[in-house]
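Okay, so here's the structure we're looking at.
Chains here go by letter, A, B, C and D, matching the order in which they are written, and residues are numbered from 1 within each.
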Amino acid sequence: MSFWIYTLVAVIKIALMLFVLLTAVAYIVWLERKVVGRIQNRWGPTRVGPFGLLQPAADGIKFILKEDLTPPHVYKPIFIAAPIIAVVFALTSIALIPFGNSVHILGYDIPLQITDVNTGLLIVLGITSMGVYGIALAGWSSNNKYSMLGSLRASAQMISYEISLGLSLIGVLVLAGTFSLRDIVQSQGGHFPGYIPHWNIFRGQIVAFFIYLTSAYAETNRIPFDLPEAETELVAGYHTEYSAMKFAMFFMAEYANMVTVACLATLLFLGGWNGPIFGPPLLQVLLPVLWFFLKVFVFIFIYIWVRGTMPRFRYDQLMAFGWKFLLPLALANLIITAFVVAVRA
Amino acid sequence: MVPLSYYLVLSAILFACGVLGFLLKRNIITIFMSIELMLNGVNLSFVAFASQWHALSGQIFVFFVMVVAAAEAAVGLAIIISVYRTRDTLNVDRVDLLKL
Amino acid sequence: MHLALFLVFGIVCVAGAVNLLIQSHPIQSALSLIVVMASLAVEYLLLGAEFVAAVQVIVYAGAIMVLFVFVIMLLNAGEEERSQGSHIALLLGLPSLLLVGVLLAWSVTHHATDSVRVGSLYGDPRTIGKLLFTQYLLPFEITSLLILIAIMGAVVLASKPEVTPVGPASGLTTGKEK
Amino acid sequence: MNPNLYLWMIPLLPLTGAAVNGLLGRRFSKKTVAGVALFFSGTAFLLALRVLLSYSSLTLPYVEPGISWIRSGEFHVNFAFYLDQLSLLMLMVVTGVGFLIHIYSVGYMWDDDGFYRFFSYLNLFMFFMLMLILANNYLVMFIGWEGVGLASYLLIGFYFLKDSAAAAGKKAFITNRIGDLGFLIALFLMVQHFGSLDFQRVAAGVAQLPAEVAGAGVLTAIGILLMVGAAGKSAQLPLYVWLPDAMEGPTPVSALIHAATMVTAGVYMVSRSHVIFDKAPTALLVVAIVGTLTALFAATIGIAQTDIKKVLAYSTVSQLGYMFMACGVAAYSAGVFHLMTHAFFKGLLFLGSGSVIHALSGEQDMRQMGGLRKKIPWTFWTMAIGTVAIAGIWPLSGFHSKDEILWKAYSQGPSKMIWALGVLTAFITSFYMFRLLFMTFFGDYRGSLESGDQGHDAHGPDLGHGHGHGGIHESPALMLVPLVILAALSLGGGYIPALKFLAPVFQTESSIGHTSAIATSEPALEESADKGTERFLQFVSVGVALLGAFLAWLLYLKSPYLPAQIAAWAGGLYRTVSNKYYVDEIYNWALIVPLLAMSRKWLWKGVDQDFIDTVINDSADATADTGGVLRRMQSGNLRSYAAWLTAGGAVVLAYMVWLGVH
């Protein structure tokens, strides 16, 4: 493929990917409010459109139209930069995630992935670790005690859980033997006798899966670990001073992170787009993508479900749990998997 | 094709900026950061030479530099915090009392 | 193509470094340092050292600089005082700066070493990992020990002393009250 | 085989005596102190006597090996004892006269408060003198040599409350030390050339060397240096100044040390090392010249002295000059013979003068005496015998020994001049001795003591020594007995066959036959054809002695006013002579003043003050200054540290680049 065609395909893929991601983000918000509502025995948004389906659009318009004020005593340059940083890093990590097998159109074999880098997982980790700056700077630049305290707690929490996240992934890497996400998914094809698919979750990585899940919740500041913007204690945490559009950006960054983490989970543990494929060639192309989205939806549902039921951690419990329980567990899991692989090899 | 000397010049510039920051700046943390900058300059030349002489040991060495930098940053910042606690200032010129 | 990329990120790098000097508030210089490190990661990629680039981003930009930003926020010291220090620095500094510049220019023009084939040395994680855990095992173990000691040192130094400190401690603490 | 002579017992006894008296004397009563001193010196004398009596069964020289002292490489020295005729004779003189003087001093020092101290010093002196005589090698002799010097210092300075006594003690010790320096250098040369200091080894070593007729050479050097040592100890010309001042000590001390024993140590040492001198004629010539000149010089001073002990001191110096003249002409046996006789009559004269002073309760100036003949007859008669003996008049011992020396000087001496000066000195000696006798004992009493006992004469106060009990009276028996014995010895001393007794000691050298006129051995000389000339010379010397006596009688008895006239007429000459030719003043001016000035101006001010102090102070300042400079660097300013750090780094970098380029 010549250079130009490659760029054209890339642009199309990027546009498609962004559109899907942003609408997904919006509708996850809607889904979350509906499910939490149902959990709390109430309906959730129903007014705007059938079953409240247009609620996200309404919110979006609200955020755009509201007055976006920047308080005078803030540290202006960084106050504005913080949400941008948060959103940028949240969205870039989506680029590396393969959501389907390759497709033949007009004789070209186009992989359903924006870019395939052989150290893909590493770069995703890098980008998530850079995401901390958005929140840290936001809290600090808005120059008030609550947001400052919130941002300190958020950055401390994210750094500590990043380590256990990384360690839990290594188990999968040891099995897959490569950093490239596409290869990891392909290594999970096929199935054991008795129709148990080769997903990593069944190949001894069950513990790693749960470690990954908990540290993912901490990474995205979701309910059990959403201390930074805990309404009851720190008003709104690090984005107290932010209004309309900037606030929306933080919101978007958070949910984008959730989607990324969910995709990663499916890729690494639930075998990505692997699933029973049957029917005509067009269907065979679409089914893997369908399987992938189905699994992602399961994860997001679990997210919302946990949000509705779990109480919030106290801060020192949170840190102690991260360092004293999760980290050793991840190390143990790593050692066992390495041991097993070494024995089998 | 990028000639090696370009990389060396770049690392030299980084190193020079690090040295200048080390000498001119008055805030202890900024001095600390300029040291990190110097280390990064050195890392760049390491990797450049590694790729020129086809020896991976250059890159390995970058890891060790990073580890040391991390350790140094940790301890250094701890010291800065304790200095701030006792002297209530981060200005280097103020911190010149030769006794505790 | 590579030259273009190199020049772009080289310039970004130098700009970040100079910005670190110029800025008066430490947070600004911290951010400019992060920019420098990110652009350096790209430079490493240009040189084919992928693993090093990734680690640079994760460890340097992601962890160490977060530590710096963290401490800057914690101490909240504010702007650097502009002391009208002695002009000796200028008298001494400028000529030496010029000298270094001339030296660099001379070395670039005269000693144009052979060019570097980008990607010629492929520093992928597998080979680096193998090398690291065989030939460089001893330094690896020693650095791990070093890190351990650094952690302990940091904890001891930064922990809040039982007796109230001499100066008025800043209101904010790391939350780990004893 | 020689019976065990217990030679080491002889010196040990006086040492124990000195220790007992010295340490416990304070608690003893005077009687016990005297008893202890006499007992130990007496037993030493008896042991010496036992050795003499068993002389016939001895085969001399007899060496008694003692404990080893120094053993470094092949140079060995041990405390061994050596006995031959010469040391036996000296042993008899020292122990005999020493014992007599002990008895005498018990009486003389009875009223003195430092009684026990005096006797412990006296015994100590006896110990060192015996060590000196009985030593088997020069180093042990040197111990005795030094010890004797020490004892003389202690005894001269006995009345230490008197400044003049203390100064005299110091003077004696220092002059002796100057002499000892020569002696030491001689010892060093001997060790270097002969590898040992034993008398036999040295003699054997010398035997192999050729006679140094040309004058230069090792033996001459050793000889002259030994002579310097002897001059220091036996008060010869250049270093005699300490002896007249030594009269500050109590009289028995002068008698024992400055007449009989210590001063003769030099003569003994020269005769003991006759082997060296025989091979070095020039050294021998030096000895002769020094001896003769000292004899004449001291005699002339003796004429003008008024203090009785000073006269005797100068007469001792001149008699010692005689002995060295004898040694100078290689008549060692004659010298030693004269030494013995001199010990007798000079000891007698000193003790006599002691009893005279005792009688006049401290009066020493002859001009205050006169006509004591009737008052102290015993002292008078014994001193008369002594005077006649020293003058050298025929039957007494003085004549025999002095005449023997003059004859040897005439026959063996390098030139007749020595004999002529010898005769002249003999004339002057008899003159001043009879002058002393007539002024003290004849004529009428010029003193003030006679008019009852109003305390001793103010003039010439002798602090510890005046006993104003009653007018002029004869000394107690305890003092007179030694006088009588010594008088008897002076009478009969001449007939002791010393010459034949000593012949074997000096026998060896004559058989070697050195070239000068002294080639013939002494016994061979007796049968020489010119017996007649010897007889003639004897008449000449007796005549001269009688002439001196007559002149003294003429001047001091017949017409006492004459001496004053002569003194006035002589004027300047008389004054210089009576002032001892101003020798002390010359020494003071020539040596002492410049020495003090040099040390004060140059050494103290120049070297110590300017050089050493400034060096130390400057280095201290230098370090302080550099410290100051460095201190400024440790200012605590972190950024200056950073600057220095970078500068250092830059320098290292530049050096690396420069290294790389070359």
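As a convention for this text, a contact is a pair of C-beta atoms (placed from the backbone, for glycine too) under 8 Å apart; a residue touches a chain by one contact, two chains touch by 3 or more.
These numbers were taken from a predicted model, which means no experiment stands behind them.
Engineer: State which chain is most central when centres are taken as means of Cα atoms.
Structural biologist: That would be chain B.
Engineer: Of the chain pairs B-C and B-D, which one is connected by the greater count of C-beta contacts?
Structural biologist: Between B-D and B-C, contacts are more numerous in B-C.
Engineer: Can you work out the whole-Å distance between the CA centroids of chain C and chain D?
Structural biologist: Inter-chain centre distance comes to 100 Å.
Engineer: Mind checking the centre-to-centre distance between chain A and chain D? Centres are C-alpha means, answer in whole Å.
Structural biologist: Averaging C-alpha atoms per chain gives centres 124 Å apart.
Engineer: Please work out the Cα centroid separation of chain B and chain C, and write it as a whole number of Å.
Structural biologist: Each chain's C-alpha centroid was found; their separation is 5 Å.
Engineer: Averaging only over C-alpha atoms, locate the centres of chain B and chain D and give their separation in whole Å.
Structural biologist: So the centre of chain B lies 94 Å away from the centre of chain D.
Engineer: If I count partner chains per residue in chain C, which residues reach a count of at least 2?
Structural biologist: In chain C, 51, 63, 74 touch at least two other chains.
Engineer: Hunt down the residues of chain D that sit against at least two other chains at once, touch-wise.
Structural biologist: Residues: none.
Engineer: Residues of chain B touching 2+ other chains?
Structural biologist: Within chain B, residues 23, 26, 93 contact more than one other chain.
Engineer: For chain B, which residues are in contact with chain D within the complex?
Structural biologist: Spelled out, the residues of chain B in touch with chain D are 19, 22-23, 26, 31, 92-93, 95-98.
Engineer: Help me check something: in the complex, which residues belonging to chain B touch chain C?
Structural biologist: 1-10, 12-14, 16-18, 20-21, 23-27, 29-30, 32-34, 36-37, 40, 43-44, 47-48, 50-52, 54, 56-57, 59-60, 62-64, 66-75, 77-82, 84-91, 93
Engineer: Hey, which residues of chain D end up touching chain B in the complex?
Structural biologist: 634-639, 642-643, 646
Engineer: Show which residues of chain C lie in contact with chain B when the two form their complex.
Structural biologist: Those residues of chain C that touch chain B are 2-3, 6, 10, 13-14, 17-18, 20-21, 26, 29-30, 33, 36-37, 40, 43-44, 46-49, 51-52, 55-56, 59-60, 63-64, 67-68, 71-72, 74-75, 77, 80-81, 83, 89, 93, 97, 100, 104, 107-108, 111-118, 120-121, 123, 127-128, 131-132, 135-136, 139, 143, 146-147, 149-151, 153-158, 165-170.
Engineer: Write out the stretch or stretches of chain C touching chain A in their complex.
Structural biologist: Within the complex, chain C contacts chain A at residues 27-28, 31, 34, 50-51, 54, 57-58, 61-63, 66, 69-70, 73-74, 124-125, 172, 175-176.
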